[in-house]
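Both of the next two complexes hold subunit A, though its partner changes from subunit B to subunit C.
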Partner chain A sequence: MSAVARLRSWEGLLLVLLVAIVAMNVLRSPYYLGVTNIANLFQLSIEKIIVALIMTLIIINGEIDLSVASVMGLSACVLAWLHQMGVPLPLAIIASLGSGLAAGLFNGFWVAYVGLPSLAVTLAGLIGFRGIARILVEDRSVGGFPSWFNTLGQQPVFGPVTASIVIFFVLFAIIAVVLHGSALGRLVYVIGNNLQAARYSGVRVKWVKMALFATSGLIAALAGLLYAARLGAVRGDMATGFELDVITMVLLGGVSIFGGSGNLIGVGLSILVILNLRNGMGLASITGNTQTSVIGALLILSVLVPNMTQVLQSRWKGRNT
Partner chain B sequence: MNWIQRRIRPEQVRELSLLLLIILAVLLFGSMIDGYYTSRTFNRIASSVAVITIVAVGQTLVVLTRNIDLSVGSIVGCTAYFVGTVLGHFPDINPLMAILMAVVLGALIGAVNGALVAWGRVPSIIVTLGTLAIFRGLLVDLSNAKTVTTDSLPHWLVDLPQLRLFSLFGLDIPVLFLLAVAIVLIFQAGTGYLSLGRRFYAIGSNPDAAALIGLPIRRLVFLAFVLSGALAGLAGFVTLARFGNITVESGRGLELQVVAAVVVGGVNIFGGSGTVVGAMLGAIMIGTLEQSLYRLQISEFWRDAVLGWLILMAVASDAVILQRLRALWGRADLKYVAPAARGATSQ
Partner chain C sequence: MKKYLLAAASLAALVCIGGIASAGDIAPGKSLDMVLLPKFLGILPFDQAHKGAEEAAAELKNGKKLQFLGPTPENSVAGQIEITTNATTQGVAALMLSNNAGDQIVPAAKAAQAKGVKVVTWDSPIPTSEGEDVFVAQVDFNDIGKVMADMALSTIGDAGGKFAVLSASPDAANQNAWIAAMKVALKDGKYAKIQLVDVVYGNDQSEASYNQANALVDKYPDLKLIMAPTTVGIVAASKAMQDGKLCEKVKVSGLGLPSEMLAYTKNGCAPQFALWSFVDLGYLAYYTAYGLASGAFKAEEGASFHAGRMGDYKITKDPTRAKGLRILMGPFTVYNKDNVEAASK
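== the complex of A and B ==
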């Protein structure tokens, strides 16, 4: 692939976009590229970008998990509920991760073994898991966690880098290796590309889907815990609507909603684009609601633009021949 | 069995069982809540059902074409707020003009979704997930987070939810509920008997075949989104009349209840099957649950958990039970059409 062709690829486009946004932000604030600000950039959306990593695998596999934000809420509420009942925090953390895993297995069971559409199953999960979270903490706000738990989410480990950021990069490395360097990763693509062909070639489709949804639940639970640790308090409605941002990050990264294509480099770039864009809009004192609108528009454009260029290209070719 | 099979389709068995489930739920709540069988309970459920039903009818059209419209909650919020603001400034506007304004605004917003899906070729879940955020964001920005209050609205609008045209079995039927029923009847007839309505089913059940016989798929999908937007606009008007106070958060999360109503009502999420009446039954089920669990005080928090489980069961029963029923009906058809072939098929 020549340098020009590479630049015209989706990742190239994202890179150009990223450079443009960062340049604009640097013009606005000279401290923008400081290590502290960059760490801060990650820290403010760390839970979403952690979940976006596993969502990449799920969407490449041709499914979707709309329930991640509710699983985040659920795991945090399980933690808060057990903490209130006097259960030691380490045990509560394990139980909370377990609740996420259970939620993921539950989704996976209906999708993989019963064969229901993941859109419907995880929509039910989106409502249902949030419902369980509400039952556990009702309309209270639960805080008062031991200080070591709050430090986990807030205190830098080395330099300005917190434990959550370290977890993100470790997960990024693991998922990159799994997706692009392992047999399982190939299976994820194969199933997403052609489910029937995969099934007839003896791929254990059910097992792969089950594993992905279970992992998604587990990672969402982890993200929920990190969110609770960062905020220092848990509410029943925490992380509501995060699925929009997470799915936007993945689709803007060039992953097809129909499965089978996309890569983690694209998603990494799109995460950087969105983080910098949000931060830049924050610098320009644009409110959170408008920021979400812009992210929504970006989500639509990320699919609309390639579609339209394809249409225009085929028209152009048709005219020339 | 044969007699039943000739008169009732499998989908109708499903709708009848949902009706049975609603009756069971009402009996159950009646035994748990004191003074449940009163007109007050009925009114609460009816006005909640009215909003969900009207939006669910539009959603049904969209889902029939293998799409989904997640932006309806934001459309309801936008139209309720916009019409409320206009009526606050110009209280002398004709009621019909106000309704028309809500419907047209909703249709325009729906047209944005429809154009992006039909001609932009962007999957509807992406478009409407995006516009869900965009429309809400625009509303918050343009309104400066002000609230429409009841005392700024004309009297006819505030009194509308209390307006009764006639009573049935000792229950006064609210006019807004009648409006929802009228919408359901119109669209049930339209999707059942008009060729335009059958085309929504055609492109949902087999898009390739629909394209081959020359159906204008893009225009039909566009129309479905416009109708969904228009009905969401109408629901925005009903919401305005029902609550009077409209904040920028109005209608948030409604899309979940509506999609739930449609799915519970037996409309296949992959398009091509389901009815408007089914969607209304789904809306009644969800409205009943919502308002009744609210009355049970402690269980208010149980609502979402129950709702999630209900959706899952509805989808699962579609996939597992309805397939079996259809197979059963298919065999019955064979017997009915060709009795001579019975020996061959039973081998």
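== the complex of A and C ==
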């Protein structure tokens, strides 16, 4: 791929956008380049961007997981519920991760083995898992976790970098290797591109889908725990609505909602674009409503631009022949 | 001679008292970056609080413009934490927070305090009070119960009769506390003739509240009054009685916003209702935060200060929480056909 072609690719576009946003932030706010601010920029959305990594695989695979935010809430509430009953926190953490894995296996079973559409299955999960979370802690706020747990979510482990940020980068590396350097990764693309062809050529479609949904549940549960540690208290409505932010990051990263195409570099860039944009707008004291509109406009553009260029190109060709 | 000395001494004492009393005076003209952070943007009470805070900012001649920043309703918790963190990064002098994140805001609020930001809560405090300097409370919960009992009595009249409560949701902590306070107040002998027959819930949704109000009238044919301690419920109940042409028989009262209740108060469906002024709440929160940030007084029990047109206030322990400090605004304003129009503007 020549340098020009690379620049004209979606990732190139995101990179240009990112540079523009960073430049604007540097010019507009003297606080932007502070080390703490850069760490905060990740830390404030860390749970979402962790989940976005596994969501990338799910969407490339041609599926979607709408239940991730509810699984985050569920895992946090399982933790809080067990903690209140006097269960030692390490055990509670294992149980909480287990609840996420179970939720993921549940989704995976209906999608992979029964063949129901993931949109419907995980929508049910979104409602159902949230319901269980709310039953567990009711209309209360549960806190009082041991200080090592809160420290884990709030204090940096080295420099300004928190444990959550380390986990994000480690997961990013692992998922990049799996998706772009392993046989499993190729299967994810193959299934996403053409499910029937994959089935006929003997790909273990069910197994791959099951594994993806189970991992999604597990990672969402981990993100829920990190969120609980960061806030130091748990409520039944925790992380409500986060699934849309996560999916936004993935789609803006150039992953096709129909599956089969996209890559983790694009999603990484899209995460940086959204986080820097939000942070810049926050430091410029722009309110929530405007921020949401700007990010919404960005997403519309991300869907429109590739499709429009295709349409225009084909019309152009049609005129010339 | 002795007399003179005595007089001089008492004069000196007076001067001293005067000196102490003015210690809490807030000097205007400082340039302090301040952020007013409501639960979310887009509803009237918070806009009114903003108006009050701007009024205070103008009086105190703050060189820096007040920042009114809020999240969207569906992103309230994460949004409040994000705004608090960004305000800390900017190194603002004070943050005025109507907390919607429960104790989840604590780490962000503590981080703000650690960087020297004064954190004043208003409307809704931080439950554990960690990360908070002081809470500016609208009214005392017990007062709310008493005011509702008084409105019920005066609306139903001396002849007495039955009334019912239309509340928000069964697990709304503030409404439940107010209803409990009203039940305690009703035990007084002077309310003997009015009888609370039921408490129903409209979940702060217009349609559900409207249906619940109609159901109450069906269930209790001799009902005289519906008491709705929620701004959504009171409007829905008033509309239900008006639509059913029942306003002569069943009156509505409770907690409401003048601008939303104007028509119903004028036409007699809801002859009186009460609320605290959100304009005043924003005004007082601003004076408190400005005073703390400028060092005029400290956030400690017994500190007092003068808040412009609203007069003198004192910081006390908060009796409604295990820990924490409170400034009690009070009192209620009871609205009727004489004052509702002016307040609705």
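One rule holds for everything that comes next: the second predicted complex is superposed on the first by the 317 of 321 C-alpha atoms of A that agree within 3 Å, B and C clash if a C-alpha of one lies under 4 Å from a C-alpha of the other, contacts with A are read in each partner's own complex, and residues count from 1 in each chain.
Keep this in mind: a residue touches a chain if its C-beta (ideal position, glycine included) is under 8 Å from a C-beta of that chain, and two chains touch if they have at least 3 such contacts.
Everything numeric in this text was worked out from a predicted model, so none of it was measured.
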item: Three-chain arrangement built on subunit A, subunit B and subunit C clash or fit; value: clash
item: Subunit A: partner with more touched residues, subunit B or subunit C; value: B
item: Partner chain(s) touched by A:Ala23 [first = subunit B, second = subunit C, both, neither]; value: neither
item: First (subunit B), second (subunit C), both or neither touched by A:Leu33; value: neither
item: Partner chain(s) touched by A:Asn150 [first = subunit B, second = subunit C, both, neither]; value: second
item: Which of subunit B and subunit C A:Ile295 touches, first, second, both or neither; value: first
item: Which superposed partner A:Ser141 touches (first subunit B, second subunit C, both, neither); value: second
item: Touched partner set for A:Leu44, first subunit B, second subunit C, both or neither; value: second
item: Which superposed partner A:Leu126 touches (first subunit B, second subunit C, both, neither); value: first
item: First (subunit B), second (subunit C), both or neither touched by A:Thr287; value: both
item: First (subunit B), second (subunit C), both or neither touched by A:Arg235; value: second
item: Overlapping contact positions on subunit A, where the subunit C interface meets the subunit B interface; value: 138-139, 287, 289, 292
item: Complex contacts: residues of subunit B adjacent to subunit A; value: 68, 116, 120-123, 125-127, 129-134, 136-138, 140-141, 256, 259-260, 263, 269-270, 301-309, 311-312, 315-316, 319-320
item: Of subunit C, residues touching subunit A in the complex; value: 40-42, 67-72, 74-75, 77-79, 81-83, 85-86, 89-91, 101-104, 106-107, 127-128, 171, 173
item: Parts of subunit A lying in touch with subunit B, wherever the complex brings them together; value: 64, 110, 114-117, 119-121, 123-132, 134-135, 138-139, 236, 244, 247-248, 251, 257-258, 287, 289-290, 292-297, 299-300, 303-304, 307-308, 311
item: Residue ranges of subunit A touching subunit C (in the complex, touch as defined); value: 31, 34, 36-37, 40, 44, 138-139, 141, 143, 150, 153-154, 230-233, 235, 237-238, 240-242, 278-279, 282-283, 285, 287-289, 292
